[in-house]
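For clarity, chains are labelled A, B, C and D in written order, and residue numbers in each chain start from 1.
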């Protein structure tokens, strides 16, 4: 088990906006913290769905020429990060296919627990796979569905998968948003004038000036078309199971996730921690950027001064050159530098909310 | 007058290290906040000085191949940002020339107030200029000096210029650091084993594991060669005049600048502000990243809770695409997003330390 | 109908060579004239098949790092040019899929006449398509085949398609070459030491030092594995139908195509033309590069001097900037410039072998 | 001594055309065969001279954005190739400087024999050098000239240099063309409507539709301004000394160089060679591309059939990857492939006009 998450993703979708691809570009830019490896946008002009995908940051890889080749008033987008060794363009999303139900593009945030079995079963039936992604499984189920309508085929296919999925789907004339019955991953619903917006975090709505309405509910299938917004709840009820890492680590503090302010949740967690684990110290220091809110809560509750004792360097390039000379804790130092005047000789409470196995935290300490 | 500074720069130099160019690369990486437009490194192998310069971040534009073409045990480097409309490669530094005193490369942090007159005078005498940089003036004075030694020629040339200058100079066999008599710009001196290091801020020493010894003093010329370190003080005494923006805005809080902890200075400024300008409020919010320390000081002194009510997006690309649809305060929103749960209905003390004319601050408010 | 061909492609495959990907890179470089739009290589290390594809010339887009990520002793490659408006990376080859028979990568030169019907049929059965390429049809047929062996599944799938196809196929442990029963497109077989080589033209063998043995015969399926080379002839006999454009236009004159020297065929065609269409003239001028051989034959037969009266510029960039000022015949001039001293006042026989509709030829005249 | 030339360059200039930078771009494209390493364009809008330089082909490195930043109705350009190990951007041209006579940009084709002495002398007087180029010497002499006018300063500076120089010079309001008294390097003069054009070879005029008028004469200084074209002949007469490699190797056969058709000169050289060195053979084969004209002359005079027995691959990338396995004559094969059907068992006259030391020719044979 690695000291990192296997996958992080951000999804965005908009229906009924003259600059759908541009808005998706901005939405992905606001969601960039959820995945820095690859980015992609698909757009529909009512006749045809087109896709563009690239490795790297959305603001570095999409230019006005690329966006110009994605005309239409509906679009979806995806940012992705994977530590599973498969950082290939063929795994980037949206995945766009043509099938019996016409063209369909899909963005997926989450992991399916029965993907392997379904894939093996599909392969036995003659399906071909061009990526390692769970998402391709959903598309095969969709393509094989005999349902009469796109909506029914979507429902039929997602009913067969188990696990975490927040899906944003684009067809020629529809935007469909789906959230698994447990509600593992977030998916928010909003409006920008007459346009409908769905996205992983509300910070994407803030940037484009859209208003947050509510979350897509666990188990809800939301179909947006020229006929309006229709909500289907095809799944049997399931116990809620929000991914705790969304609030403590993934999401931006200015977002509402699972209907709650990320900042407030983190600050409260810090307060609770201070009550549960009181300690006599001189200073509370967050590991930036995600640890700041919790450290504030801790510091206030414990009445110990908060200090920015670690400074993050935000200019890390993609291929950082290591010196041959050994430099102590180089890997951590490249990102974080301790502030001697704050830390020297002090008893420090270090608040880090991105601990998985703790190996990085040990080096920081 | 713009709402930004005309110039920001960071300089670095190392003498006597087997991986001089690699260490300079790391030093520039730590100083990247002082200039994101262009980066350059010059290195000497004792016979020849070579230079490599590029537009962009040091971690994006220098790779191991580029560094491999800069052999030698002494090197200097420069990062630069300019708002003066001249973001050209020909203005990037170090500037490397050949002249009567042999090869010399120069990195300059500062602005000369008599550069225009000196340039006009030099041009009248037949000098040619290939850039708009003040630094080329210093090089012409140096090349025309009849002094017998490199040191004397450096002293003779810098004695003729007025204004702010922290210079790091590399010749075939010497590293020379110069700081103007007023000490406008910082320049720190340190050691890494047997190697001598000079740099704008101590955070560059922290990354490579060097120890801070003292500042290069205002009016000091420091000559580092195989014979050791020699200090010359050729200038008449002048009143000290540290650039206040170093402490409030330019420098990283983990650095020591002008011999003081940037973090401490900022926090103290925040405290003083709270005493001088007390105000009844619910929450203190910094404009990140540079406003955080001062906001902490203010909050503590005023006993008002500190909250991260503005979130900075660090993924801004170099050519950000604007939508055609007008989005309110788009330019500010691309970088900063307000956290509604913190700000809504609250009386907010906003602490921003990068105000020049205040137009950006007005939009943030 | 355009004045250009819809598709040109070159294919290459090698089995049993320690530097399979490198040799494929060189083979594609020699076949670059058959397609300059995209290039791709797939390689197998006996366990896993990996693929890398890119837009552009093979020598510009593949570097030693990219080739290093394609380990193994068998590899196939493809260069492609398409005028059908679909110059997308998703249409580049090889296409690599995973299916019931395991991983398979395919390179295809040719066009299938029943691809549309097969595709519609497959889509009805639930297949998904990620490109517009005919080749994906073959892969679906292969994946759906219930045949027990890879060879049988290949035979079963290609037996259902009609049209022109020279296929080079790579699985974990096999290289399979297939040529349609009519032999529309060329495919040559050779040896490089113990390694087996297949390629569109023999010039690819010349570059890597391989020896030409014979053509893969029309209707032949050649299976190369650790067990040796096995030839299957599963198709009923069909009338031979070599694509005439291979000899007059596509192929390089130093290649043997359909078992004959391209140079000889072209020179002979020029001779025949001179006999069939004799004309009183001062000079014979070829349209370079492909018209040179035929012009030589014509000139010799007609006993009229040959002169290089048109000069081709080989430095055309991918995004050539047109001036706003109208320049007569600019589009043609960018590639070809007439030599006044040869043409002025002369009666010219212009020999061009790349006429499809003749619009370009008219401008050249 | 290498088996290649130290330097090849092409120069272009235009005065009085609304699209001066675009036309220069096209002119350089036509002259690309004279230098593929770096390209540069300088343009003047009557107030300011701006320059843009890049490594690589002009059609790859200049786009419409780069050309748009070079406004004005006069422009000059340069393509360069150097084998002297100094393929650096700082050696690319035009060199643009500011000096006592104002801004001046220079493009230089040729080598100065007294550059070293002049440089040493200038350095002693306090001049600084930023490149290794001979051209910087001319600029220093120009800047130090006390002459009252730009023309006189140009004449004064070029009067001090010896060797080969065809210069195209741009100031705020003038285009100046200079050719050394021996006329080593070519420089042609033409017209495009009201605009004046100068360039190394007439093929650049052909592409933009300009008409060749005459050569800039050896020893002539041509000053083009709003006042018209003025010719100065400031040099004492010198014996003519055209560089023979222009006609046999450098120039394109469709150009007029030194007032003669390159194609005709080469064909005649081939005829003379056939008379001087008759040999009993079956076939005459040129080494393409530059050997074709001479081979035609030889073949006709000797009444031996001409055949394209060597095929050149025009798709060579900038970083060609060599296989580890040794391939016989790989370096030559990458560019040239023998046509077996032409050469096998034949007595061949191989005509190559690019012999310097003959090491490459030996491999080809």
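Note that in this section a residue touches a chain if its C-beta (ideal position, glycine included) is under 8 Å from a C-beta of that chain, and two chains touch if they have at least 3 such contacts.
This is a predicted model, so every value here is computed, not measured.
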Centroid-based (C-alpha) most distant chain relative to chain D: A
Between chain B and chain D, centroid-to-centroid distance (C-alpha), Å: 43
Centroid distance [mean C-alpha coordinates] between chain C and chain B, Å: 56
Interchain contacts, given as pairs of chains that touch: A-B, A-C, B-D, C-D
Contact set on chain A toward chain B in their complex: 18-19, 22-23, 25-26, 29-30, 32-33, 36, 57-60, 62-64, 67, 203, 206-209, 252-254, 256, 261, 263-264, 267, 292-293, 296, 300, 305-308, 311, 313-321, 323-325, 327-328, 333-334, 337-342
Contact footprint of chain C on chain A as seen in their complex: 89, 95-100, 123-124, 126-130, 139-140, 143-145
